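Residue numbering begins at 1 within each chain, and the chains themselves are lettered A, B and C in the order written.
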Amino acid sequence: MSLSVTYNKTKFGNQGAQRFTMWMAIVSIMMTFGGFTSAFIVRKGAGGAWSSFTMPSIFNVSTLMILLSSMSLIVAHISNKKGNKIMTAVGLFTTTFLGILFCAFQVTGWSQLTNQGIYLSYNPNPAGPFFYVITAFHALHVICGLLFMIVATTRSLFKLRQPTSTEIITELENTEKGRFAIRTDLLSMYWHFMGLLWLYLFIFLSLNLNH
Amino acid sequence: MSILLGILTIILLYIVVVQIGKASDLIKELKVGEQEDHSKGALFLSLIGFGILIYSILSSYFYKDMILPKPASQEGVWIQQLITVTLVITGVVFVITQAILFWFVYKYHYKSDRKAYFYPHNNTLEVVWTVIPAIVLTVLIGVGIWRWYTIFNVFKGRPRDVVEVEVTGKQFAWILRYPGKDGKLGKRDFTLVNGDNELGIDWNDPASHDDFIADELVLPKGKTVYANIGALDVIHDFFLPQMRIMMDAVPGVPTSFWFKPTITSAEMKVITKNPNYEYVLACNKLCGSGHYNMQKKVRVLELPEYQKWSDEQKSYYQTVVKPAMDEGTYKVNSSSIPQESAGKVTEGEPTVSSENTAGFNQKLSNGFELEGAKAAGVEEKIIEFIKSDKAISKDLWFSFDRLLFENGKATLIPSSQEQLKNVAEILKAFPSVEIKLGGYTDNVGKPESNQKLSADRASMVMNELVKLGIASSRLKSEGYGEQYPIASNTTDAGRQQNRRIDIRVTKK
Amino acid sequence: METLHTVTEQHAHATAHGHDGGHHHTETFISKYIFSLDHKTIGKQFLITGMVWAVIGGLFSVLFRIQLGWPDETFPFLERMFGAWYTDGKLNPEAYYSLITMHGTIMVFFVLTASLSGTFANVLIPLQLGARDMASPLMNALSYWFFVISGIIMFSSLFLPTGAASAGWTIYPPLSALPQTSPGSGDGMTLWLISMVLFVVSTLLGGLNYVSTILNMRTKGMSLFKMPLTVWALFFTAIIGILSFPVLVSGVVLLIFDRTLGTSFYLSHIVIGGVPQPYAGGSPILFQHLFWFLGHPEVYIVILPAMGMVSEILAVHARKPIFGYKAMIFSILGITILGFIVWAHHMFMAGINPFLGSVFTFFTLLIAIPSAVKVFNWITTIWKGNLHITAPFLFAVGFVSMFISGGLTGIWLGNSTIDIQLHDTYFVVAHFHIVMGIAAFFGMFAGIYHWFPRMFGRMMNTNLAYIHFAITFIGSYLIFWPMHFQGLAGVPRRYYTNNNFEIFAVFNGMNKVISIAAIIVFLAQLLFLVNFFWSIFKGKKSSQNPWNANTLEWTSPVEGIHGNWHGDIPEVHRWAYDYSRPGNESDFIPQNFPLTEKEKTEADH
């Protein structure tokens, strides 16, 4: 990502500017989670009621799912640059599938927690409610990303039917391929961020829920 | 005072109008000739500016007698000193900068034979007017923080020789509790809160036995008062304007503030030359629609007088709790969170707290013992009427005092069951009695919806009585909407009284 | 002004051909005026929507000032107009509190954040930087439409039977969390929260775009230190928003959970009407921290664009460079950074640890330093200028005067010890109204008068502008200056009436004067609106560069075209403030004029 001025190039807008915008959107989402995790720390540090609990092990599985989904997305991205339509579609499809699995496992984890007695409403100990709010808010953002991911996957599947092209995208041009590349580029940034954000939250919660 | 200010205003307005007239001329000239004349506009702007500057100085002089009188606490004196220093510094800066600004506006207005002076920067000047404010502000910060730490005893901790008082805010009143002769406030426990024990005082704690509730905040001169500040429902603020102190009262987060009153109420009457002058306690954090109406009178007495007043106060335990406990009508240390509503949020309208909480919980002829009935409550009134030989009258209605509905709906809150059961049992104990229920609302909202709501609520109560085993032939219900108010609809309290269910005996 | 071509433009020209003025795509009425992607149109949309909101917010203030000025009178005609808010001709206390809550929310968020930033960032950033449009025109349009939807939801809450939100624009829980404590905390509060979440989305969409455009889409030669101060101010404003609004979202989400899902993030030990509530473990003070982490930077979001515009306008109309261009930039940076570490000065009396209080006092008083630097620089800009007393100049000077007044009382309040007496009194009301309610509005007015020709190709009427200025400036002082004394007399804010306390009731006379002034000032704004709308259609047609200014927006065709420049975008050779430069006959040199041989040998600038 370079900050150099690019003199308003292509029809689809300045790609450098758009990537930059996505970076800043990522920063702003981080600030929201920063608010939540600070509130968590302050509340925990203030003493009073605080029930420790361990996260059900299914969250380890969901963590793996989302990290794997980032890897399949990288595969899709490289394949798109090389012009390999089949692998692009496969990669995107895998990412979408793993993303859905991630959400499913999160929901399973929540219901396991509730059965354990750590519930959301009228819980006198805040540790549980904080856990639900933070992880649910993250899942909400993942779902938004999933919607875009489904669209991208569908588009890539349609492109499988088009005649093969051996063009390699090295410069952004006024073409369908270029536009698709920009969009998946931005989507990838967002998706990887979701994975890394989950990793941060997972580690944060693992360390701070117990004591 | 306001006359003088009014005159000043009129003068300013006159200047404005005149300048506007001149400005109009200016515009005409601009349109006609190439010579731009900004002198009139400059005069206009700078006169307005200087006018406002003069107004702000003069008004300060005029209004200075309306601000608070001499600070009535030691802490207030320190605050006042800091204010004076800040006033002088900011006042000087204010006058100088405004004057320079508007003087420059006039002096440097456009002249075609002049050119502006190309002066893009001067780093020395920047440094000068960064450093000087920094120094001045450091002084203000230093003094301010020093006083702050003194007031809060940051290094010394909680002071020891104090007179303690507990101030609890609720919508919309203050509850003042003093520790009594033992100097210790009895413990409180949230789980003990019920209709008779708003503060949740633990009567098992002997320290609570000499605590008393006071109608006024009475404070001793010359002794540090330690206020334990809290709130029951929403955030309030304990504000003693003449003492110049305040602290938020937060539910769930007990706060405190200590201060030393230095001027008695009597002395302050002399200082202000107002024989009716009183100290006040006001709420200073928005707490709902009654926020502006939470006053409590405050009196500062000389120490011996204070001591006398304190000794004269009767402890709440001795006058109210113990007799009720002896009679068996006081629910000792039991929570009133009904089992069915644990886990649900209950809605309630603020109850009018009564000094006398002794109840009317007698045993009926069918063996049922009334529960939670208040003295002169509806249970007592109905039974008294039935037993008496007073004639049936269409105008003799009694109001239920412990029925609560969800806001705007006809659904009863579970805690209402107690009084419903009482009434049902009364009807069982007097099997020939027939009654009619009337529903009433205040006059807020559309009459048609009020009518419907009142009818729905009355029939809801009737259904509940049927569920509790009363034959429906003995019951009638009707909604009267906004009619027959029993209090004025212009105040909150009045409207609350008007929202009611009444019961009338139709046959004995 | 001609656009200049250079040899190096060839390459850019070749790739930019799809974007010149001859760009062919058919525009319908809807795509041109309603769902436009053009930043200039979106800017005007923000402006006009903001004006609507300002009238509504101002009207609310007139209503509650009538209550405060005449607390014992009844107003049957108001009851006929506003129905449910009045009983027997008197404003209900619940309605009063909803009115002040909505007044604050509307003015701070909808007018001074969305509309002030939205209008000028959208209109000016691409034009002053030499860009065809924003980095993402689609996001830009979405930012506006999210603002509209948010506004519709907020407006609809006024018609609920339980009333609009009434816990103050600061919506502290437990009051805002528990509907039983106030009718306005029922559905009205729910709609407020939904509206604000959408509002934050709108603000973020806008802010991300502004920063990205500024950093990525400047024209050739426009280095960061050649940008006009307007853009610098809008740049930092957007950054502040990106970092602080999300924390409000986290606070609001926790509040939503407390209200609807029975959590206890902010609630503990609550007893309502003698009935204990099943919440435990929370703290209302947590909300205050999360709220004010946005709440304080928010006021800088409000004032910085005004400061940037005033710097620009003073330079143009004084025919003199802004004094201390770099110092101005660094002071904006200083305000930005310090603005993030002072939030708890709104919480000095909230029950926080006194040590924490002293830390925040320290930083709060420090923030006065860059503000002071700016004031001195503005005054020095005027010194020895050649001042054109135009409408924009009136309001720019008015801004400086008001900022001095309001800023100095900030020094009183920032000192925690003084705040023990003055917190939540009318002294605070006076302070923030003078800085936000007047100074920021003056910056906005100055900007509208100054850039009106750029937006609509015509000039506004100067006569009316003078009258507007005089009434607003004098009237505003008459409204807010006396409030300082009420504050020093201990009169609390957010009181429906002073009549319950003798020591406060003495101000009923003063309150009448204030209310009368408020009504007059409100009417004067309607005069401004008449001027504005009439001038759009019938104003004197403007020349290409009516103020003889240096910045690039005046090189773009005055009728406003898609893509902003026919042919190539101008290339920039100098900073924005070559006014009355010695050795030049003209008293201004636009940014796109190349350096003369002589200038190339001179030092910086």
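We take it that a residue touches a chain if its C-beta (ideal position, glycine included) is under 8 Å from a C-beta of that chain, and two chains touch if they have at least 3 such contacts.
None of the values given here were measured: they were computed from a predicted structure.
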Per-chain CA centroid nearest to the all-protein CA mean: C
From chain B, the most remote chain by mean C-alpha position: A
Whole-Å gap between the CA centroids of chain A and chain B: 48
Euclidean distance of C-alpha centroids - chain B vs chain C, Å: 32
Two or more partner chains touched - positions in chain B: 343
Residue list for chain C, restricted to those that touch at least two other chains: 262, 278, 282-283
Contacts with two or more other chains, residues of chain A listed in rising order: 121-122
Complex contacts: residues of chain C adjacent to chain A: 12, 15-16, 18-19, 131-132, 135-137, 139, 204, 208-209, 211-213, 215-220, 222, 242-247, 249-251, 253-254, 257, 261-265, 278-283, 286, 289-290, 293, 569
Touching residues on chain A, where the partner in the complex is chain C: 3, 5-11, 13-14, 16-18, 20-21, 24-25, 27-36, 39, 42-43, 46, 48-49, 120-126, 129-130, 133, 137, 174
